[in-house]
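After this come two complexes, each holding chain A, first together with chain B and then together with chain C.
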Partner chain A sequence: MALTSSLEIGNNVAKITLAGRLDASTAQQFRDLVDQAAAKKVKAVALLLTNLEYMASAGLRVIVFARQKMGAAVKLYVVGSQPVVQETIEVSGFSQAVTLMPAYDAATIEK
Partner chain B sequence: MGPDPLALPGTLDALDPLADFVHAAAAAAGLDKKAAGRLHLAVDEVATNTVTHAYGERGLTGQLYLSAEIAPDVLRIHLEDTGPAYDPTATPPPADLDKPLEERGVGGLGIFLARRNVDAFLYERRGDRNRVTFVVRRPGRPG
Partner chain C sequence: MDTRIDVYPTHEIAGYPVRAGRPLPFGATLVPGGVNFSIFSRHATACSLVLFEKGATEPLAELPFPAEFRIGDVFCMIVFGLDVEEIEYGYRMDGPFDPARGHRFDKTKILSDPHARLLAGRNVWGAEPDWSAPYPHRARIAFDDFDWQGDRSPGIPLEDLVIYELHVRSFTQHPSSEVKNRGTYAGLAEKIPYLKELGVNCVELMPIFEFDEFENSRVNQETGERLLNYWGYSTVGFFAPKAGFAATGRLGMQMDELKTLVRQLHEAGIEVMLDVVFNHTAEGNENGPYISFRGLDNQAYYILTPEGYYYNFSGCGNTLNCNNPVVRAFVLDCLRYWAAEYHIDGFRFDLASILGRDLQGAPLANPPLLESLAYDPILSKCKLVAEAWDAGGLYQVGSFPAYGRWAEWNGRFRDDIRKFLKGDTGLAGAVATRVLGSADLYGWNQRGPTASINFVTCHDGFTLHDLVAYNGKHNEANGEQNRDGSNDNESWNCGWEGESSDEGVLTLRRRQMKNAIAMLLVSNGVPMLLAGDEFARTQYGNNNNYCHDTELSWIDWNRQKAFPDLHRFVQKMIAFRRAHPVLRPTRHLTGEVSSASGLPQVSFHGTRAWQADFSPQSRVLAYLLDGAQAKGGTVPDATLYIAFNMYWEPLTFELPFPPATTRWHVFANTGCPSPDDIFAPGEEPELPQQDAILVGGRSVLILVAR
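This part shows the complex of A and B:
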């Protein structure tokens, strides 16, 4: 099961959708999308993870990269993460750097 | 019965079949989806370390050897490599987990997650191999 990823930009938000397995062999794909999003001067980045079955620390590293690349003014949202993915984010101490939400809330993210 | 032992090339391409192996073993041992996902993370992180540090950065080639052992009370996954002796169970946890991401290193997170996600995390050096064992209790079987 590889990683499927896509980027969509609109309303000043970069939506990155990830599905499948995000591990050290697929993390570069995610990083490339973060790079593209960073070039667009968005106000927020939403990671749509409903169909992401798995995330290793290689994925966390890309989230750190996004945080550093985007600057503090850009909000990072993690949307719909599955239980173990969410737990990985939380126990690694990332919950202060990203906002976790169960479903995409346009009123909050696109405000 | 769990899956048969598996030898994989020591590259990142091993991670996908490794995931399938761990999920097959977890299913055979009756672990639920969450326990299987945690175990997968543990084995994947150690294998990733081996492939990138023990093999990749040293220009060495080698394999990863996986086997599963289903005991009445626990599932054990053994992961072996032929890299230089390295004991991941002795790796200290990251000291900066509660710092803002901008100020943090992310080294050590993988092994931290591996240790956290299993009931026991064991290492031994056997001949020219490192052998890491991941132990997870099977549901409904206390002890």
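This part shows the complex of A and C:
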């Protein structure tokens, strides 16, 4: 199964929605959205992963790329990730670079 | 503004745009637009880069290096447009097959890059490998994008270190560990609060360089158990972390997981030391497999007999040619990499004496590799610890070439303490030397007590519990009719061999374990504990547990509940060591008398104060450490009185006077049942009678003057 992705920008937040499988063959698609979001000078990026079933290391590398591309001032949220995806983020140490959140919390993200 | 093009393809090979590469650094390195591949071989006549799709058996492409891509003995090439996440690579080398001259080239083999920072092929621990795979240990391209978040080494002085030796898988593989990711780096990270509470400040990880747990695997005919290369003292990839120890190994994210562990340990104030094995490789002798070195340049990498066979100073089939300048540079590169990229704080070198042998195997007076490591600018803050002997008969405890840097596993400490502990006579003098940092070994050359890594138990040999529960080894499960493993254990079973339900035996064992822990943690030098000894881990008498991926190896955390008093004792002893700088000198103590206290730095006593018994019949030693002279009088500390009664009957010890205005308080007395066997530092009860005390048989007493 491939990756479907979309980017939506509003209230200084870039929402990137990913569904399906994020692996080496689809990571570029995700990366392009990160590039677009970075060009818009947002204050926060929210990755909406409720329907993301699998994330390979290539996908995690894009999260690292996003962190670097956005700079330390931009908050990075990982929203609604499935247990297997969340586990990977935590064990590999990327949870330090992002804020994990079960559901989109506008009060926190858009403050 | 357009990005200026710096590097561009000049050739096309096998459909890939390429150009001549850079010889340094060795290995596969990401460069703008491509990957720089660089590999050394002096004697190869030709070399190809072999590319694979991830996991594929058949190569995707083979790119022969044109002659002009070879600089000196280095083949180097930049390949553009590779999907770096998706490929694996190896090398095919052509050259002479002439074993008598040391050459074993075989162009039918695909060889792993010795500088590979990421290796696939053993991604999940214990998963049966495909034995027919032509290229089992597959090099991958690594990323350097880990975010260390300002991490730095805790920088703990050697004298303040309390080392805790553990095997990553054994530590949390048992279900009783109650961690989410059992047997992994992530699982170990979940146990950091436990380590902090125990008080250790350095973990020494048994080998975590990629190894093959299936190397020489066999089935024990009697038990049906599959025996593995469980410990991993046989390196496949010197730059690659063991993937099977990572919960994320199947994703190829072991680098991130291990770095995360290091970062979290550092946050908790705990250093990380790696047990590194440079004495030999996993390629075995002339009958072993081609993994990398043998096919890259056998003659350069191994110490060979004049007939071209492998010298076996390691006991493992071959010996790495560590003082060949190329190999020396490889070892240095490797350690620098771990220090710089993984923030590793120290290294313990397995069979380190091999590192001091010359190209023919003879011991060198001034081994260049050891000197290079000692003076290296990148390793300058790393602890360097030698296992100062090898399997070829070199024993250098006390004489390892140190260059002011190297410490040693002090095998004599272990042996003397064990003999004294079991009640051998005539050891009071030796033990006095050992507990004061072995001046006989490390005093004459100004190395100081911190050159001595003190230990009673380590992964090799009995656990602490088994040291007091078995007279002899019980290695039947290893499938060699109990022939393997050391026979010199200096152990004593306290009256019954093995598991016992006799209260008298069990009580004595508990006390003996506490005695050993007390002696270890009051000793000058650097103490090392074996993981699990703090709650009496047992291997049921197995003293060579290298091959068991079973409960024989895994730490059973239920025992913490069965031995709460021992755990508490260890914790308090560590706290005591931390509280008293007088136990942690950087110079050997002498009899120098302080004008402030009127006491010598150290004085010896027996059952009579000021009269030590160093006779051949003695089983007793007591000594007084002058707190006024702690660290040369630069820090205030209490005066301590420590008595070892290894005689089986209680003895009355006449006490020296405590310093003026102070009184003796009891910190520890292993003869008392818990909780009166030990107290929190600062909360010790006052001794009612100040001039003498009855010390139980086989007991340790520690008094504090305050």
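Miscellaneous remarks
We adopt the following convention: the second predicted complex is superposed on the first by the 111 of 111 C-alpha atoms of A that agree within 3 Å, B and C clash if a C-alpha of one lies under 4 Å from a C-alpha of the other, contacts with A are read in each partner's own complex, and residues count from 1 in each chain.
Just so we're on the same page, contacts are C-beta pairs under 8 Å (C-beta built on N, C-alpha and C of every residue); 3 or more make two chains touch, one makes a residue touch a chain.
Remember, predicted model here, so these are calculated numbers, not experimental data.
With the C-alpha superposition on chain A as described, chain C and chain B clash in the combined arrangement. Judged by the touch definition given at the top, the superposed model places A:Ala72 against chain B, while chain C stays out of reach.
Number of chain A residues touched is higher for B, counting chain B against chain C.
Within the superposed three-chain model, A:Pro83 lies in touch with chain B and out of touch with chain C [touch as defined at top]. Judged by the touch definition given at the top, the superposed model places A:Ile63 against chain B, while chain C stays out of reach.
Of the two partner chains, chain B and chain C are each touched by A:Phe94. Clashing C-alpha atoms with chain B appear in a single stretch of chain C, chosen from 39-47, 255-263 or 291-299: 255-263. Judged by the document's definition of touching, chain A residues 24-25, 56-58, 60-61, 64, 67-68, 87-88, 91-94, 96-97 lie at the interface with chain B and also at the interface with chain C. Touching chain A in their complex are the following residues of chain C: 83, 85-86, 143, 145-147, 149, 180-181, 184, 186, 247-248, 251-253, 256-257, 259-260, 263.
Interface residues of chain B, counted against chain A in their complex, comprise 12-13, 15-16, 19, 34, 37-38, 40-41, 44-45, 48, 51-52, 97-102, 104, 106, 109-110, 112-113, 116.
Within the complex formed with chain C, the chain A residues making contact are 24-25, 27, 56-58, 60-61, 64-65, 67-68, 87-88, 91-94, 96-97.
Residues 1-2, 21, 23-25, 53-54, 56-58, 60-61, 63-64, 67-68, 72, 82-84, 87-88, 91-94, 96-97 of chain A are the ones touching chain B in the complex.
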